[in-house]
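Below is one structure, written out as C-alpha cells; comments come after it.
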Amino acid sequence: MSRKLRMGMVGGGTGSFIGDVHRRAAAIDGMIELVCGAFSSTAEKSIASGITLNLEESRCYGTFEEMIQKEKELPEAIRMDFVAIVTPNHMHFPPAKMALENGFHVVCDKPVALTLEEAEALQNIVEKSGKLFALTHNYTGNSMVKQAKAMVAKGELGKIRKIQAQYLQGWLSTSLEKTGQKQAAWRIDPKKSGIGGALGDIGTHAENLIEYITGLKIEEIAADLGKFGEGRILDDDGNMLIRMENGAKGSISISQIALGEENNLAIKVYGTKGSLEWHQENPNELITRWLEAPKKIFTPNGNGLHEEALEVSRIPAGHPEGYLEAFATIYKKFATHLSAINNGETIEKLDYPTVEDGIRGMKFIYAAVESDSNNSAWTKI
Amino acid sequence: MSRKLRMGMVGGGTGSFIGDVHRRAAAIDGMIELVCGAFSSTAEKSIASGITLNLEESRCYGTFEEMIQKEKELPEAIRMDFVAIVTPNHMHFPPAKMALENGFHVVCDKPVALTLEEAEALQNIVEKSGKLFALTHNYTGNSMVKQAKAMVAKGELGKIRKIQAQYLQGWLSTSLEKTGQKQAAWRIDPKKSGIGGALGDIGTHAENLIEYITGLKIEEIAADLGKFGEGRILDDDGNMLIRMENGAKGSISISQIALGEENNLAIKVYGTKGSLEWHQENPNELITRWLEAPKKIFTPNGNGLHEEALEVSRIPAGHPEGYLEAFATIYKKFATHLSAINNGETIEKLDYPTVEDGIRGMKFIYAAVESDSNNSAWTKI
Amino acid sequence: MSRKLRMGMVGGGTGSFIGDVHRRAAAIDGMIELVCGAFSSTAEKSIASGITLNLEESRCYGTFEEMIQKEKELPEAIRMDFVAIVTPNHMHFPPAKMALENGFHVVCDKPVALTLEEAEALQNIVEKSGKLFALTHNYTGNSMVKQAKAMVAKGELGKIRKIQAQYLQGWLSTSLEKTGQKQAAWRIDPKKSGIGGALGDIGTHAENLIEYITGLKIEEIAADLGKFGEGRILDDDGNMLIRMENGAKGSISISQIALGEENNLAIKVYGTKGSLEWHQENPNELITRWLEAPKKIFTPNGNGLHEEALEVSRIPAGHPEGYLEAFATIYKKFATHLSAINNGETIEKLDYPTVEDGIRGMKFIYAAVESDSNNSAWTKI
Amino acid sequence: MSRKLRMGMVGGGTGSFIGDVHRRAAAIDGMIELVCGAFSSTAEKSIASGITLNLEESRCYGTFEEMIQKEKELPEAIRMDFVAIVTPNHMHFPPAKMALENGFHVVCDKPVALTLEEAEALQNIVEKSGKLFALTHNYTGNSMVKQAKAMVAKGELGKIRKIQAQYLQGWLSTSLEKTGQKQAAWRIDPKKSGIGGALGDIGTHAENLIEYITGLKIEEIAADLGKFGEGRILDDDGNMLIRMENGAKGSISISQIALGEENNLAIKVYGTKGSLEWHQENPNELITRWLEAPKKIFTPNGNGLHEEALEVSRIPAGHPEGYLEAFATIYKKFATHLSAINNGETIEKLDYPTVEDGIRGMKFIYAAVESDSNNSAWTKI
C-alpha cells in the first residue's frame, strides 16, 4: 500500500534558500509530505516558520534533539520517516548521527560533514543503522547528466582522456559577509564551513559531477587556491589540475569571486571516440562531438536518449526542466527506495548519492587544501 | 490562519501529460493539496489513478458530477476548495459550469471551452458565481515574461511597432493519431478540440503571450492555415499576419508539423526605444536591444530586474527555472488570492489569467478560421 | 594560361559601404584586380577615391560612360574584363546595359534594377550579349547555405511543408535620412530605390534565399507593409504570407525599424523527413532536426558535409567564415567561369546568381507592393 | 604617394593551409600584392605554385636564399618590400634572419622560432636591422579582442583577479601523422616543431591572448602535459595553472586530442568591477558581466564600443567578421606602418604583435615543458 513519506526538517527556517529548495524538491512528485521540523535555533522562530508552512505547532521543535526524541515517541502511523538536514556544514553530523541512531533515515545537504573524521564516523553509523542516507548532490539528478553518464558507461565515448570542470559564481566578489548577509557569513567561517570555503560549497559539486559522469575516480590533485576577499581565511577561488585513475588528465576551476557569474557549473569530457559538454545554466542540452559525424545535441525527453535519461523527465521534450526538478529527482529516487523498503520489497539501491559520495567530497577538500599549502604539489585524494 | 487549499481534479488520469503537470505545479509551493478527483471516464480507472496519487478511495469519483455533488456534502473543513479541469477542450465547460454553480472555484486548462458561445456563457457564470476562475496560460508565469511585460508597461521600449510570435512543434509531423496515441487523437477531432486544431492547442498561447506582454489587443488577423497531416480536418499549421490596436504590425507562426521542433514558443517585440526577445525553450534569458547601448541579457533573479519579475523567482540567479515553475506561478497566485478570500481579506485580483483571457483566445481561434476560409482576408478579432 | 581578371567599378567611392565590400570580396581569392573605376559623380572625386585605391589616375573616370568607352579603346591585354556595379538601384541598369553592349561582363549589386521593365530589358541584353552577368545575392555564398541547398536537393528533408524567413534590421528606426546620412537617404527615395524600400534592400535577399535553398518558387504572396518612419513613402517594414509552388506555406518578415537588430537574416525550412535552420549573424552553424535522431549541427568544413558546402570553405573547421568570404564566393565562381571562357574552355555555368534571380526579386517586390495596396490580398509572383 | 606593398613568401606552396591564409589576409585590404615566393623545397614545385597564383615564373624561387638575393638585385621600384614566412617552426629563423640582414621587413608565423636561443638572437637582429617584424598572433586582430583589451586598459573591469583560457582542438585525436598528412607530421616532430607540440602550435596563442587582453604578464606556470597519441614525444594536450604578475590566478587548457573540438580558443577575465568572455568560434560577441547591471553583449561595429574596436571593423554591425578578417588586421596594421615609413613619415608603432611577443611565447613553451618535467612544479616564465 502506497502512502506519502513523512519528512522532518532540520534547519531551513524562513528566509533560508536551501530549506525552501528541499521542501519544493520533496513536494514536486507528491511522494513526500513535510510533517515536522526544527527549523531554527529557537522554538519561537521554529514555530513561526512552521506556521507559514502549514504545520501543526506541536511538531515545530526548538532543537533537532527534541524533534528526534518527540517524533520517536509518536505512533508509527504518524511519526516522520526521515530527516532532511539543510543546516550549515557544522550542523550536518550531529543531527544525522542522532537521527540514524534513533531509527530515522536521512537526506543531508553537502558537503556531508565539517571534517573528514566526521564523515568517516558517519559512514560507520550509516552502515550500522541499516538506514538510508542520501546526499543532495542535486546536479546528478539532471536528465542530461544521466544521459552523459550512460553514454560514458556504455563506452560510446571510448577511453576518457581529458576532463574540464568549472563551477563559477560571483556573489562573494564583494565583502558580502560584512553586510550581515547570513548565507555569506557562515560560508566564510571555518568553524561552520570546515577547512574549505568555495571548495566545500561548490567544489564538491564539481568533483562529484566528474566522478559521477565518468565513473572514474580523481587520483590526485594540484591546487592553487585564492583568498581574494579582504580578510578571508578560507578559499573563495581555486584552480586545480587533476589526474584520473585511468590516466586521463584535466582541470577544475571554482570561484565565488568570478564577478557576474551566477551558477556556472559546467563539464567537458573528451574520449577516444566521442566527447560531451554540459552547462548547468543551460541544462536542457547535452552537446556531443564525434570523430566523423557532426555535433549532436540531446535534449530532455528528446530523440535518441538512453533509458537512464528518459526516466527522470517529467514533461515532454521542449518543456524546460530546471534546478528544482533535478533536485527533486534525488528525493524521488530516495523516496522510491524508502517506500519499497517500507513495503517490504527488496530493491537494488537506486541511483542517488550517498555517504560514500560525501566521503569522496571531504577527501577532495582535504587534498586540495593540502596541495595548496604545499605550493600546489600533486596530492593523492 | 493559513492552511493548504484542497484541490479536486477533473481528468488527468494515469498517463495523462497535463494532469501530472497540474498536480506538480500545484504542489511546488506547498499551498495546495490534492484531495479528490474524477480522473477518468470510469470509477475503476479513476480509483486506480487515485491510489497511485495516495488518495483515499472514497474520494476517487467516476464522474465530475459525482465529485462535485459528493464533495459539496462533505464538511467544510474537509471538502475541496476548488476544481482543476485538465480534460480535452470539449470537457472544459460542463465541469466548470457545474463547479462554479455549486460554489467551487475553478482552475481550467486552455482553450477555455469548445466554442465561443460556451466561453461567453462561462464568463456570465463566473461573474454570477463570484468565484475565482484561473486559466492556465502558464507561460505568463515565467519570470522573464513578467520582466518583459513590466518593461513594456513602464514605457522602456517606447511605442510598440512590430511583433513576431511563433509556437512551433513537430510532434504531429507524422500521422500519430492513427497509432492510437491519445494526445494526438483528441486534438485532431473537432468534436473534442473545437474548430481550431493547433490554433487552440498552441495558437492561443502565442496570442495570449502577445497581448500579455504588450498590453495591446490584436485588432485583426489574416490567416493562412495548413492541414498537412493526411486526412486532417483541423489545422495543424498556420501563418498569420496581425495588426494591433495601436497600429503595430506583426506575424504569428504556429505549427505542429514543424518537424523536429519540440516546444518552440518565442516572441519578439520592437518599440521605438528598445526591443525584447524571449524563447520558451531557453526561458532563463530575456534579450533586450537598445538604440545606443549594447544588447542586455536579463536572467531570473539576476541584476536589474523589476519587482514583477523578481517576486516570481523561487531560487537564486543561475539556478534554471523551467516549465513547471512557471506553471506553478499561476497556481501560486490563484492560491494566494483564494487564501486571502478564505481569510476574509480584501485583495486586488492578482496577476493570473482568467475567463477574459479565455474569451480572447476563443475569438482569436474564430477569427483565424474565418480569415482562412476567406482566403486570408483581414478579419477582426 | 591563368591570369588575374581586371575589374572596373561603377560607384563605390570613398566612404561607400558596399563599394569596399565588393573590392575586398573580389580581392580575397587573388583572382581579380581592380584596374579602373567611375567611383563618384565627378571626375575629381573619382580620382580621389582611385588614388587611395592605388589606381592610376588615368583610369579613374568621371562617368561610367567614359569608363566603358575609354577602356574599350585600350589594348586587350590591359583593359578591364568586367564591370562591377555598386551604385544605388536606379543606377544599375544604365551602366549594365552599356557595359554588356560594349562587350564587358557584369557583376551587379541587387536588386537588379529600378523597375521590373528594366530588369526584363536587361535579361534580353544579357542574352543577346553572350556576356556573363552575376548578381551579388551574397548570402547564397555561405558554406552553410550551400549545405542547406544540397540537403534539400538530395531529398534529405523530404517534401518541404513550411518555410519561415526573416531579415531584420533596426538602423532606420529613427529618421536617419534626415541627418544627411547618404545610405539612408537614397534608400527611402523612390526615384533611387524603386517601388520597394526595405523590400528591395533586404526583402529580395530573403526571397532569394528561400528559393535558392528550397529549389522552389514562391507562387503567391499576401503582404502587409509598414511605413513607420515619419514621412516615409516607401516600406520600412513588412510581414508577408507565402505559398510555394509545391503547396508549402510560410512567412517572411522584413524590417529596417526592428530596433536593435543588426543584420538578422534567418531561415527555417521544415520537411517531412527533416528540417533546417540558419542564421546569417551566426553563419558557421547549420541546425538540422530529424524525426527520430537528435539535432545535428553542421559547421563549415566540419564533419558530414556535402561537397557543395566543402568546396566553398577556404579555411579549416572552427575558423569562422564571415560576410566577406560568402560575398567573395560569388566573385570566385564568377571569376572561375569567366577565366574558363577566356581560356576557351567549355564549362557549365557555375553556381552564382544571375539576371534570372534579379527578375525573381523584382517580381517579388512588385507582388508585395500590389498585395499591400489591395489590403494584403493574395497576389501571384 | 601611396602604393601597394610588395610581398615575397617563404613556404605556403599549393595545399598549404597557412600559406593561403596569409595570402588572403594580405589581399583583403588592397594594400599588399604578392610578387614573388619560395613556396616549396624545389624550384619546380615553387614555380607550379607560383603559376596558380598568377606570378611571373622568374620570381618563383627554389629557395629563400635565392629569393632574397635575387630580389635584392631587382630595381627598388619592383623588388619585394617584405617577406612573409609561413613555413614550419624550424624554418622561421633562417629566412627571417637573412631577410632582415638584407634589408627586408618580415612578417612571420608563430611560434617565432624553433628555440628560445633563436628567438633571442632574432630579437637582436631585428633591432640591429631597423626593419619591421610582425608576428601573426592573428586572434589579437579580432574586433572583440580589441574591445576587451581596451576595457581592461581603461580600468572598466577593475583589478583582474581570475583568468581562464583554453585552446582546444581534436584533429590529432587519432594518429593522423601516420597517414601521411603533412600538417600533422611536422607538428609532432621535435626537429621541426621544437620542444613544444600543442604548446607551440596553439598554446602560444592562448598565452599571447591572455597577456594581450589583460596587459599583464604571466609570472609563473605549473603544467601537466599529456602525450596521448601513440608514440608521440611532444605534448598534444596540456593543463596549466598560472599566476599573473599582479596576483591574479588562473588556468590554461590546451589540447589537440580534445575530440570533436574544431578551433575552440576562448578566454574569460574576471575583475573587481566587471568580467568578460570571448570565444573565437563565435567571435562576433563579447560577453561582459557586471556587479549590478545585467550582462551586456558587444558586437563588432555595434553600440557602445571603444575606438580601438571600431577602427578594425570593415563592415557594419551584424555582418559577421571571421578568422581571415582578424588575420588581415595584423597585415593591415603592419602595412600601414610600413607605408608610413616608406613615405618618410614618423609614426608610432602600431598595434600588431612583434618579436617581443615571440619571445614571450618561447619562454612560455620552455617554462611549461620544464614545469611538466618537474611534476608540475611552479616555474617562472
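As written, the chains take the letters A, B, C and D, and residue 1 is the first residue of each chain.
Following the convention adopted for this analysis, a residue touches a chain if its C-beta (ideal position, glycine included) is under 8 Å from a C-beta of that chain, and two chains touch if they have at least 3 such contacts.
This structure is a prediction, so every number in the text was calculated from the model and none was measured.
Asks: Relative to chain C, which chain has the most distant C-alpha mean position?
Replies: Centroid comparison gives A as the farthest chain from chain C.
Asks: More C-beta pairs touching across which pair, B-C or A-C?
Replies: Spelling it out, more C-beta pairs touch across B-C than across the other pair.
Asks: Can you compute the centre-to-centre distance for chain B and chain C, using the mean CA position of each chain? Integer Å is fine.
Replies: Roughly 43 Å separates the two chain centres.
Asks: Express in whole angstrom the distance between the two chain centres, defined as the mean CA positions of chain C and chain D.
Replies: Inter-chain centre distance comes to 34 Å.
Asks: With centres defined as the mean C-alpha position, give me the chain A-chain C separation in Å.
Replies: The separation of the two C-alpha centroids amounts to 55 Å.
Asks: At which residue positions does chain B touch at least two other chains?
Replies: Expected reply: 261, 290-291, 295, 299, 302.
Asks: Contact residues on chain C for chain B in the complex?
Replies: Within the complex, chain C touches chain B at residues 161-162, 164, 166, 170, 173-174, 222, 224, 226, 228, 237, 239-243, 249-251, 253, 255, 257-261, 268, 270-275, 288-291, 295, 375-378.
Asks: Show which residues of chain D lie in contact with chain B when the two form their complex.
Replies: Spelled out, the residues of chain D in touch with chain B are 290-299, 302-304.
Asks: What residues on chain C touch chain D, complex-wise?
Replies: 2-4, 17, 20-21, 23-24, 27-31, 34, 51-54, 169, 171, 261-264, 280-284, 299, 302, 314-325
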